[in-house]
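Heads up, the thing below is written out as structure tokens.
Letters A, B, C and D name the chains as they come in the text, with residue numbers starting at 1 for each one.
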């Protein structure tokens, strides 16, 4: 069994390696190939060395290969995971700061920042999908790269390879947090998730098979019990709103239902030079210092601050369920195929899936509650137009995607921020600057 | 032939009467009943007297009846038009000023103001529909009352009477404005409209049968050629956005694609006490002074400033097309019935319809362009939840409707503005204050 | 204005010419090109000479051109009508007799016969559509060739040219017959038609704007008042069934709801050598004898026996409505585009359309009544698989199309009749006999 | 834990009891209540006594209760299974023989016989659902009574109780048969099923996670390897048809794709007085003789001839999966909820479901292959109209249901057979004979 991790030099890799080691009995990965690009070579070597020490310490029979040669790595792969970051963290800083400069939310997967991360990432992922299709057509492509919704949409509509899953740790994180709230085991909590990546709703919550949705909502209405991620301020929900809505929100919903409050927080960080990207960049520097330590033989606890908790567990679970034909339920980004009525069968949605050797199959949700259908449809429009812009390099489509995004308050601002971001990311957007390159 | 106009004391009535007089040959209305409520009695008498002078001057055989007894008026009616304003213009002033106080758009048919106009209006319209169903079941109910989208949604989903059309002069206004731009006759312009009331898109424009959509968009990109209504500032569209979007926008789209600019304008008016409602109130006072003049025998030219141009022509055309089985195409608010794919068959949409004796039948549109589908879905969610709030008097539904509206930037603000508007309109919202009234 | 009629040597052509002459004022066709293939040359010349005498007699300025050179004929065409018959009437005799030999219905547009007429016709029509797209891309292709449903499906899904309408005189015929039943003018009858070609239902009937569906059904329940076509025996409907169904049936529905009775009739004709095709062949021979008469200057009354009544009027109306931007309602085979919910947007359906210069736009029907939805879906499956078989020359798809047809009582019989029909029509099915030809 | 089996006197009951005994560890049923009606009292006592001997022999702690008092039995029930037969086997004999008399297929769940079993059964099931809703609202109603498709449709659309599953052993039977064909364990075979009850297709077959659909089809094309049920003659499929169709058929599909052959077989049985119902009646008499033997302490091997193999295993599995929150995949009749696109969300479909404590949730299938969509739609139309007839007692709806059924070759025959069956079953159809009873 062979796994290839593209973007292998990521600071998250030790978590993934830890996950594989822990599950070695059920998931005997003989080869783990960490692939990166030239500019990530140093990080790749640091992370790779740590990975080797971890494997050695654990005494498992897993070879760690490091390479910049992606095509070679893909030969005979069973699973390919992608966790790359085109333009590294510096690009993310631009994605956050430039929109904020114009008074609108700057974020990695939402609004203008999300669009640009998509524009940079999608062509690379489509290329990888094409290579997989040629080199290892039976391999599953499991994409962790954000914006996972738009990227999965692009892979499903424009990609050559159909064995594709978009993966995010958010539903696992929410399930675990709600288990904590209820003071029960996470295995005993089951949530019916439906929506899009980073815009997923918990329609029903069950504890040991009994519906407890209303109780969970009541607890989440308590300002002290906010479920959130490291990268999103835990601003409390308006309790009456939460109860009236009747479904569980994900932390990212704050961008849409608390736009004003989130923007205020972000503008403070913008002024002090401590946007999330800037914080993460500092954190990453620290992490890599730690990783360099030749005595470190395990994932350091400091990694947790980086966010992405449960990411390792969840990702390994997905791979293991496919490999072992488990038939358990996981929340994944897949082709809708009718799971959510009134969304196109071809579009990506994030829903509960049964995962077997044939990959994930979504459970039928029916109509989304009317209260949430509108926003999900709007973000899906944004994702579809954004994906089309990424594939075609169309300035027009990019401008439309931005103007229809609910976090962008004006067509004029859309154009200004688009033009500035295009210049800032010029080198990572060859499709948009064809004349220049030709 | 008998027409009943509920809200007959409206300043618009002379325009309607003029329209009926002009078309008397094809539409021989023998009785026009103007109905109003006690608090509108004075206006009703002023307008009614003017209407009688107009009819007399035109020498047509049309009786004008004035009454506060709605049930009596409905007996044997062929058409019932509704143009009422629950709470009069003072309520509209609140709808505009209270949201603005909280820094969000205050407007008659959009955002918080639109919701509250709906909450006040829908129960009254449903009652009227019930009375029609009992007293004159063959009559058509033609609703002009705003928010016409949410009101038609409510009439279709919760109403007892199925012969219902929602009517708005906006598509006619856009067609005429585009004819002017192209310097051709309005009869030679045909626009494929689709969307919702006050959120309608022109998907294709034809001049004498030839598609000219791109040319029209180019002309509309010129800041000096903005199509708008009296009540919306003609802030120019970002030209690249308009071309990239590729469809014709309606003036109200500015609330969504130019939120920032529109809000800035409104806040200025708010501070100077000259919001649209305040301006209209002054205008109406002037108009009624004019109407009182016993020598006035026609619609005074000043009425045009009030807005609502072409309203008369368009409304009379609708009645005439049904009465005369004309089979022409008009843009109306009707049951979707599949016309726009991926919207519920039961929902109200604003689309081109063929109008015959059987009433309007929508033309099939297929899918909306992905670029605009998201926003339309979002406003449809708002309309549906808003309509449900109006029918049930549910505080929770009203809070959700407001929080999911894209013009409301925060759940906390949604609650604040909801609470203040509920108090302000308390007397017109009996369903929300049942305990108190009981 | 130039019209090209492919299959111009058809016995129907005089009817078409008569229609053009009658409407010359509103539809001034300067050139009518009659195109045919080598084997139809003699008929073309006979019909063409008659057409010239008719035009001369009527003193209209319309040139009649006769040619075997299709591409030349298409230059500058405004409308192209197709009424060709691949394999002539002898092929139709096989389509009828071979299925009957196996004890199943043999008919021109239904069951095995319908499939084979489709298999022979569709490749030719797709080629014509391609030529039109290249030579005269603004021309409308109006197809009269049967099976019009399957052919239009193929043109819409696989064709290069999008300005395509499928046309059948059946809805006009039904409207006129019902007008006779009601003893009112046909202009005063309006029927809401929906379904597929030769499987169209009248959902509601209006007389002068008043619904009279129940009354019409009651009259149609009378065995003496059967609406039918020349080619279908007027076997009366079971009256209780007709009333219970609650919609108007077309004559071809007898194949599905009276399979047993129709089959019995056909088997009699089969034994006596007087199937419809055989009768038509004799009739055509007579007609062409008449057409040869150099003194004949008009459509002879004997043509009526041939069937196809109102065909001329209806076809000319369609062309005139497009040309003159009339905006009237006609029942046509067009892209569904949501008109009938739960059918694919891309499929052909036969529904009421508004016809303007932009061509026909279907009126939204919503869901078909559940009582009829099943059969329509089944025939649509047959049409789609049949069209795919025609395009690909796939034996497998042809076998499936036949086996799923409700008039084919067994998979074994399906194979037998398929094999025999394939051999019988070998020369007209090049896609199915590629190896042999190569 | 308490299970109530309505129709407890059925000859199948020993199988069910065996299943419960075998699974007692995971499914500790303390009380099994067997309920029947007065006319089934004798059988109930015979079966009940055998059940008690079986339980005693197995030394499990399960009380067997026998009663005619349904309401009492339902108190505190966790699961209610229904396997009743209104009118007993004599009614089934009529369902088979009367249609055959008119030359059309007579069968328990298809065509005219299926309709009448539905008409008799549905009102009884709806009454049971109502009682459950009142007496034990948390219980699951698991219906085995045929026609399970139409019955589940009725329970979902018209029933008071929403915790409803329709169950059939056919998918389990097919899976096991295909496992035998492939000579692998049944646990290693996974089939993607979709369709309706007794009209279910295997869209894809996997063996140990590898797709083997084509191989299975090839094996099923062998006339010696027919998968069928005891009640359907194993007439081989036309091999080319089976391969061309590309999906796995169920035995009942023979009624539609081999109508002619099946009808011929049935007519032979009709003439010799050995229709399936007649054979079953003889078999049942033998079985009950065996059951009476006070020394019999287990399910006798002769029961297998009765058909319904795996029924016990499968039914117990369903109950156990719900009870134990297993999350395994089973093929069940449930509310579609979008699982099969282009079928109503509200309709019953038979699809793969994940079964947990919340009951079954269907997996999204997307569109059915176009080749099979038509027939499934047609039978769904039949089921919906039939269910409506059963609920309303409408002669008209029953006549329409019959006339649109593809096994009924004529509207005239539909009426004849309807009238004769109505008279034959008069006492079991109170809704149809209201005036008489009143």
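Note that contacts are C-beta pairs under 8 Å (C-beta built on N, C-alpha and C of every residue); 3 or more make two chains touch, one makes a residue touch a chain.
Heads up on the chains, UniProt names are A, B, C, D = 6-phospho-beta-glucosidase.
Quantities reported herein were computed from a predicted structural model and do not represent experimental measurements.
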Inset, instruction - List every chain that touches both chain B (6-phospho-beta-glucosidase) and chain C (6-phospho-beta-glucosidase). - result: none
Inset, instruction - Taking each chain's centre as the mean of its C-alpha atoms, give the chain farthest from chain D (6-phospho-beta-glucosidase). - result: B
Inset, instruction - Report the inter-chain centroid distance for chain A (6-phospho-beta-glucosidase) and chain D (6-phospho-beta-glucosidase) in whole angstrom, where each centroid is the mean of the CA atoms. - result: 45
Inset, instruction - Averaged over CA atoms, how far is the centre of chain B (6-phospho-beta-glucosidase) from the centre of chain D (6-phospho-beta-glucosidase)? Could you give it in whole Å? - result: 55
Legend entry - Where chain A (6-phospho-beta-glucosidase) touches two or more other chains, by residue: none
Inset, instruction - Mind listing each pair of touching chains for me? - result: A-B, A-D, B-C, C-D
Inset, instruction - Show which residues of chain C (6-phospho-beta-glucosidase) lie in contact with chain B (6-phospho-beta-glucosidase) when the two form their complex. - result: 190, 204, 206, 208-211, 325, 327-329, 336-341, 345, 354, 356-358, 361-367
Inset, instruction - Quick one: which bits of chain D (6-phospho-beta-glucosidase) touch chain C (6-phospho-beta-glucosidase) in the complex? Just the residue numbers, please. - result: 237-238, 240-241, 243-245, 257-261, 342-344, 370-375, 377-382, 384-385, 395-397, 399-400, 403-404, 406, 409-415
